[in-house]
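So that you can tell them apart, the chains are marked A, B, C, D and E in the order they are listed, and the count of residues begins at 1 in each.
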Amino acid sequence: MISRISSFWASDIGWSFRGSPVAILSAIMVVVLLMAALFAPWITPQNPFDPSELNLANGFSPPLQENPFTNDFFVFGADNQGRDVFSTILYGLRISLMVGVLAVAFGLVLGVSLGLIAGYVGGRVDSIIMRTADIQLTFPAILIAMLIFGIAKGVAPIEYRDQVAIWVLIVAIGLSDWVPFARVVRGAAMVQKNKDFVLAAKLAGQGPMTIMFRHILPNAMSPILVIATISLALAIIAEATLSFLGVGAPPTKPSLGTLIRVGQEFALSGEWWILFFPALTLLMLALSVNSLGDWLRDALNPSLKS
Amino acid sequence: MRTPSEFTVPKDRRASDSLVSVLGLSRTFDVSPPFLNRLIERLPKRTLKAVTDVSFNVERGTVFALVGESGSGKTTIGRMVVGLMEPSAGNVLIDGERSGPDSRRGGVQMVFQDPYASLNPRWRVRDIIAEPVVAQGGKATGIAEQLLEKVGLSADDAKLFPHQFSGGQRQRIGIARALASNPKLIVCDEPTSALDVSVQAQVLNLMSDLKDEFGLTYIFISHDLTVVRHMADRIGVLYLGRLVEEAPVEELFTDAKHPYTRMLLEAAPRMDAFGREASIPIGEIPDPISPPPGCAFHPRCPLATEVCRRSVPAMQPVNKGRVACHHAL
Amino acid sequence: MPVPVLSVRDLSVEIPSRYGVMRPVDRVSFDIAAGEILGVVGESGAGKSMTGNAVIGLLARPAHISGGEVWLMGQRIDTLATETKRRIRGRRIGMVFQDPLTSLNPLLTVGQQLTETILEHLAVSKKEARQRSIQLLQEVGIPAAAERIDSYPHEFSGGMRQRVVIALALSAEPSLVIADEPTTALDVSVQAQIIGLLKRLCRERGVAVMLVTHDMGVIAEAADRVAVMYAGRLAEIGSVRDVILTPAHHYARGLMASTPLASLGMRRLRQIPGSMPRLGRLPQGCAFNPRCEQATQRCRVDPTPTLSDDPNGRAACWYPLKGTI
Amino acid sequence: MIVFFIRRLGQSLLVLLIVGLVAFSMFRFVGDPINNMLGQERTQADVDRMRVELGLDRAILTQYGIFLKKAVQGDFGVSYRQGRPVIEVLAERAPATLELALVSGALALFFGIVFGMYTAIKRDSFIAKSIMTASLIGVSLPTFLIGIALINIFAVKLELLPSFGRGETVKIGGWTTGFLTRSGLIALILPSITLGLYQMTLIMRLVRAEMLEVLRQDYIRFAWARGLKERSINFNHALRNTLVPVITVTGLQLGSIIAFAIITETVFQWPGMGLLFVNAIQFVDIPVMAAYLMLISLVFVTINLLVDMLYFAVDPRLRVSGGKG
Amino acid sequence: MKKPLLVTAAAVALMTSSAGAETLRWGLAGDALTLDPHAQNEGVTIMLQSQMMEPLVSRAPNGELEPTLATEWAIKKADPTVWVFKLREGVKFHDGAAFDSEDVVFSLNRARSQASQMKGLIASIAEVKATGPHEVEIKTKGPNPILPAAMTSIFMLDKTWVEANKATVPQNVAAGEVTFASTNVNGTGPYKLVSREQDNRTVMRRNDDYWGMKTFPVKVTEVVFTPIQNAATRVSALLSGELDFIQDVPVQDIQRVKSNAGLKIETQTENRSVFFGLNVSDKLHGGNINGKNPLADVRVRQAMSMAINRDAIQRVVMRGQSVPAGVIMPTFVRGWSKELNTYPPTDVAKIKAMLADAGYKDGFSIQLDCPNDRYINDEAICQAAVSMLSQVGIKVNLNATSKALFFPQIGKLETDFFMLGWGVPSYDSEYIFNFLYHTKSDAYGSWNSTRYSNPELDSQIKAIAAEVNLEARDAMVKNMWETVKKDAVYIPIHHQMLNWAMKSKYTVTVDPDNQARIKYFSIN
């Protein structure tokens, strides 16, 4: 692990990384947010997802002020349910990150597999997959998510709707996400499959699976990584947007997006902290992930290297 | 369409030990526009004849070279010989057995043109070299290190990635990989055309050495006549998918029978040709999808007559070689 | 002696990088006279293309000219303002790239690209520019030029495309043409045609040509004089006959010897051991010393030899060779 | 060309059918329209009768079949919520959405291309880097939040711009336009910025990436070598080639503007189709939802078709080969 | 005060005619579904229609019945099943046609027809008869003491106009019908329709021939009605001066509006109670717990009721904008009393004891189904309840969905624990009992999703419907309320408050039914 890090540090990418303050800052930010989300139960003073820990009387406590009814104190204030905004942000970050990461993973696996097959096999299989991608694009991401959400809400047993919601979000966002992966992997596969090392592998007697996943895929990783990074930011934002349309994480287990949706109701009423802190967190998260993606795109593009 | 010509070789050679027999090999590609286009725009089905009726023998332990310009079908033949591509007609027999996907079990290997594209940049050299063995379920421990030393690199290089090597070194790795499965035949597809002259010499020397050491047979594909002249025992000249002349190397260079071969020899830059006003070749290679009728070379041939426009010349034995020309020189 | 068309004096190019400052071109000097073809040979990474790019002023950042002078027809051009430099490009220096497939803009017709260049540099009407374009195409040997002028690049064959590229390079009647590996991507028969064309144009128009290539055969056929580059430095310069038949630099000799033609009939080719060092990892002294059989302590320690260290001024070597290979 | 068109048309129809079926089978999960259609005083008998009248008791495929059969005849049914023919309702709403999408699309395209080119050409300049960073904010906050922020600043705090609606509209034939009145134009500002910002960022990034790719192509270097003006190189050569790949993505982006309008229209109470759709979902207005989704697909399919046609116009290479598969 | 330039321009453009025009720009979350008065029984629809059309009798903002197109009404001495209505004379429809008894007969019959959505309100009517040009007699199926109150949203149409435009049958959307009357209006009301784009803008101009010009203020000359769905945008538009009047101000924005110098808030308790319903049958929909439904035990229900801290909800969630409730009956309804409205204080120890007593010492798990777009802060209330119940050991899983999903769920009895709000248009307890407490059957108890079934109560419900003796009736009602309160079928939460925000220059009394009628607006 350490050698990996040091070899990264010494590589061209590492060099480019060291030369980019934006990249360093973004990476630090991402790591801090990731850690905060990961260790939320140990960091936060409250588990905002456990209703028995909440006290409605704490509702709307301003930041850094003692609540006159309960004498409780909240760094970032409390929301309309008396939840500690700080704790809720960290827990919400977990949900947002989970939705984002898993949605991207879902889209990635689906897109990469289909793209590999389309690009490698070609012909009719390629046409079918790419036309499916066209259809997918025809159906705007938001609509897909809204409809899938609708279905799942209808199909899932009522008792499980709450848990299902998160998975539905993941599938819905992931499903609207696979096309860019498929396209770029297909393109890469079409280029790579004609490279001589693929011929050499065939000659060695390797099967199509080995060739696709061991030979072609590793060479398409750079664009996949870039798309994955940008998609992650987009997925987190998409989750927030869907939440605004009422198809997001449940309010009892709010994601950052749900927090913002709830918080914006108080945008005019003076309880700025309910919106501000989650929005700031989301902004920082998306901004740093996006910046990392940007940097990565340039760093991995050999044509831009001097 | 003629049937594949009966492949005849001089009697004295028939008894000799031939490793590869290419018999009436043809390959066509369907380059027709999509069905709907054909239907509505009334376009015909179109095929590209990459290789037409090519036959030759390669003796064990010799180097057989295929030369030709782009579109001559030399790479396609190479791929059919190693079994990466199925012939549309004809056969490739290696040691009497048909070449095909199953013959890839190590008996035939290939060295590729571009040392940058033929090694997977994400794989370590060790894994690259051992792949032909590992893919067959063999034990590959130490093979890579051993072969690296054989090709003039160090065993320590096995843990590195391809990008850490120069072009010549990479080509050596490619050769090591080809050797890993202990092949009888190696098809070398322009193995040095991407290399610098000084490195080319190193690689060519290495290939010669290995051939002797392992008793290999090469099919050497190239467009560079000087390289071919150095490496080959026999040479086949291809033009638009057809073998137009085949002869031992010296015979070909000193007494080429086919006008195309002569044109090639004449056009090739020479180091002793200071300020030479070479007779510049006429025309360009025609579109292989719609080649000229008769002898495909006739539009560029100074000797062409009416018969060349009408019929495809058959392969005829001349001296120790063969030539397909109505007006063989 | 008349003023040479191109005179390059101690030209150096530097690229700052994470490994320190690299010098792909290091104190290179040569002249090219009108109607002369100077061949520049060397293996990949020797700096020959970079030299061409430096002359025409097309170095991609962060590469830059760090020293020396470039004179064109008695005018110093490396220090000119950006806009003046631009006017020289195409007008007084034409350039031909290696790959005709990628050198032409696929979305514009050949005629558009030609007239665009002509109108940029010459004070002619659009009609005249078009007329001129057709003439140029005829001159470079494109049949039915008047009809082909409105075709797109992809409608031409590789050889024809390279002819178009040459027509473009000549369109504003430059006095110098830099041809960077103009035949490498072409078939043997087409290569002969293009070399013939270049030689004819050079002779007829009196253009000076800097022919960059790695192919000794091409040099032998086309060039009048030849410059051999190694690791960014000029190793040897002289008439084609001299350099090929009696190379003075050990590297040049090795290079000539390792071509299969030179070793005709030999069991093994002569070869130079090792490979060219990477930029930024050049050995001290003569860059060729690790591969040179005759290298001495002096070669390893003393500063890099230059042409002036050879009494004949031909090779940058402490111990230049005499006689044939 | 014709063949290509026919094939595309066939595919488009298939897409429409599939989208329709998928949409249709999804509706029953959105909720039950009957509760909204009957008042508080309804009895169970009323509910059951209504269900039969609406045909909701039938199988999905049957419902879809009936829908299709009518749709082919131009009858998309009557909105459950508004009690008016869906066609009429959509036609009334379409201008608002289309005008908004047009303006945001134009904004996104213009600034996307301008900024994209600028940041590619002046890659390392401070301004370019600032634009890149600032643009990230556009995609790092949800659209609705940006909309709400804009309302708070420009409508509530500064009282400069309206917070909702289209302002005054003028009716021309069946089309209501906000382009002809001052208030109509001013009302467009905030929503179109909100809607276009995201797309602009995406287009800008795409143009930048493609431009960087194109700028290192040989034909660009060749254009430099021919001494063409930088402007001409950037626009006539680089941008033109950049546009080929950009067209596809941009086309799809513009299509998704219409879909994204759902959020913007909700925030700004923009009386367009997106708002209609949101209302329809809340009310489970199946005919409206179905027609809207079909319409959106139609828009996408049309844009796709146009994009492909545009390819033919832009890229001469496609004209010869008879179109891509 | 600064005004957005363009907004002013728009407003000016709308003030087409008379000088001194008073335009009221009115924003609301929703829009009317149709202009056909008998096609939809829905609040906003009726409200918008009521600016242009009128019933015989309407309910004034103070809750009293007010003569409108009828000047007097009484039960016929000879026959307690007949009501006699005397009609106002000299009333004209917008197109100038005179209003008479023919129109009333026609309109009531249209409202009673099969396709009408209003027929449920006046289901008791057996026959309508014109007994003179300005008198009608309405015969009911049995004695119906509250008939006039049930007719406040049955608007009168001009028979000739309707027939000429072939709209004699109320619009039936289910059958794919479109009628002239759904987009056009010819009423007797104070405002005439100028233009209407559904969900976008409806413009109405004052009917200067209105019969009530002297009776009511009718100061506003033009009304521009704009639905704005997003609450934040709606409030923003008011704050920026683009609107003059909005209903349904989110409770959190009240302070902000009040602090704006040119704006004010008018408040009133709404005719709507919000409460939780519980499945009291033997079987839990979500599966029994240890073979039993804990909610079937009245002790559990009482404990749960006690666990809801209504005061905290009022203070935090509703920011004071509610009246905590002990009964699911809005305060204006006949039968409401202070004692009934009392609710137990939250006492965790006592609740736990009660649960332990019922055999649920460690609590149990249950799902709460809740709409998230129907009542004021509905989702937040449910969340608060989840938290409160969890503190006494009852684990509640919250399922908050849109009303489009929520109401079908209630209708199909797919819930054990749900939120509901209930308004009482008739201002009479009978309406509540009929819909919420009667055993669920075809004609009764259609909103009773608690599975509560009390045959005795059922017969009482039928009895009070026909009881004309108000005193006896009141006593029966009181008795019935005590029964259901003891059974704790529903857990009352609060009565919602209405907050209308408007420019300070307007004076108006907030209507408990949230029915703004512009004719009552006066301007200082």
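We adopt the following convention: a contact is a pair of C-beta atoms (placed from the backbone, for glycine too) under 8 Å apart; a residue touches a chain by one contact, two chains touch by 3 or more.
Predicted model only: the values in this text are computed from it and were never measured.
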Open item on the list: Tell me the fewest steps from chain A to chain E, where a step is a jump to a chain it touches.
Closed with: 1
- [ ] Check A-D against C-D and say which one is joined by more contacting C-beta pairs.
- [x] A-D
- [ ] Return the chain whose centre of C-alpha atoms lies at maximal distance from the corresponding centre of chain B.
- [x] E
- [ ] Using mean C-alpha positions as chain centres, tell me how far chain A is from chain B in Å, no decimals.
- [x] 51
Task: Centroid distance [mean C-alpha coordinates] between chain E and chain D, Å - done: 38
Task: Between chain B and chain C, centroid-to-centroid distance (C-alpha), Å - done: 32
Task: Residues within chain E bordering two or more other chains - done: 232, 236, 239, 373, 402, 405
- [ ] Enumerate the residues of chain A that touch no fewer than two other chains.
- [x] 153-154, 264, 267-268
- [ ] Check each residue of chain D and list the ones that touch at least two other chains.
- [x] 30-31, 148, 152, 156, 266, 278, 281, 325
Task: Partner chain A, residues of chain E touching it in the complex - done: 231-232, 235-236, 239, 250, 252-253, 255-256, 286, 309, 312-313, 315-317, 367, 369, 372-373, 379-380, 383-384, 386-391, 396-402, 405, 409, 414-415
Open item on the list: Please output the residues of chain D touching chain B within their complex, sorted ascending.
Closed with: 2-3, 6-7, 322-323, 325
Task: Residue numbers on chain E that touch chain D, as the complex places them - done: 2-7, 9-10, 13, 33-34, 36, 39-42, 117-118, 120-121, 171-178, 182-183, 197-201, 226-230, 232-234, 236-237, 239-242, 373, 402-405, 407-408, 411, 423, 435, 440-443, 446-447
Task: Touching residues (chain side chain B, partner chain A) in the complex - done: 79, 82-84, 104-106, 108-110, 112-114, 117-123, 128, 131-132, 135-136, 174, 177, 181
Task: chain B residues within the chain C interface of the complex - done: 69-70, 166-169, 196-202, 204-205, 208, 223, 225-227, 229-230, 263-264, 266-278, 280-281, 284-285
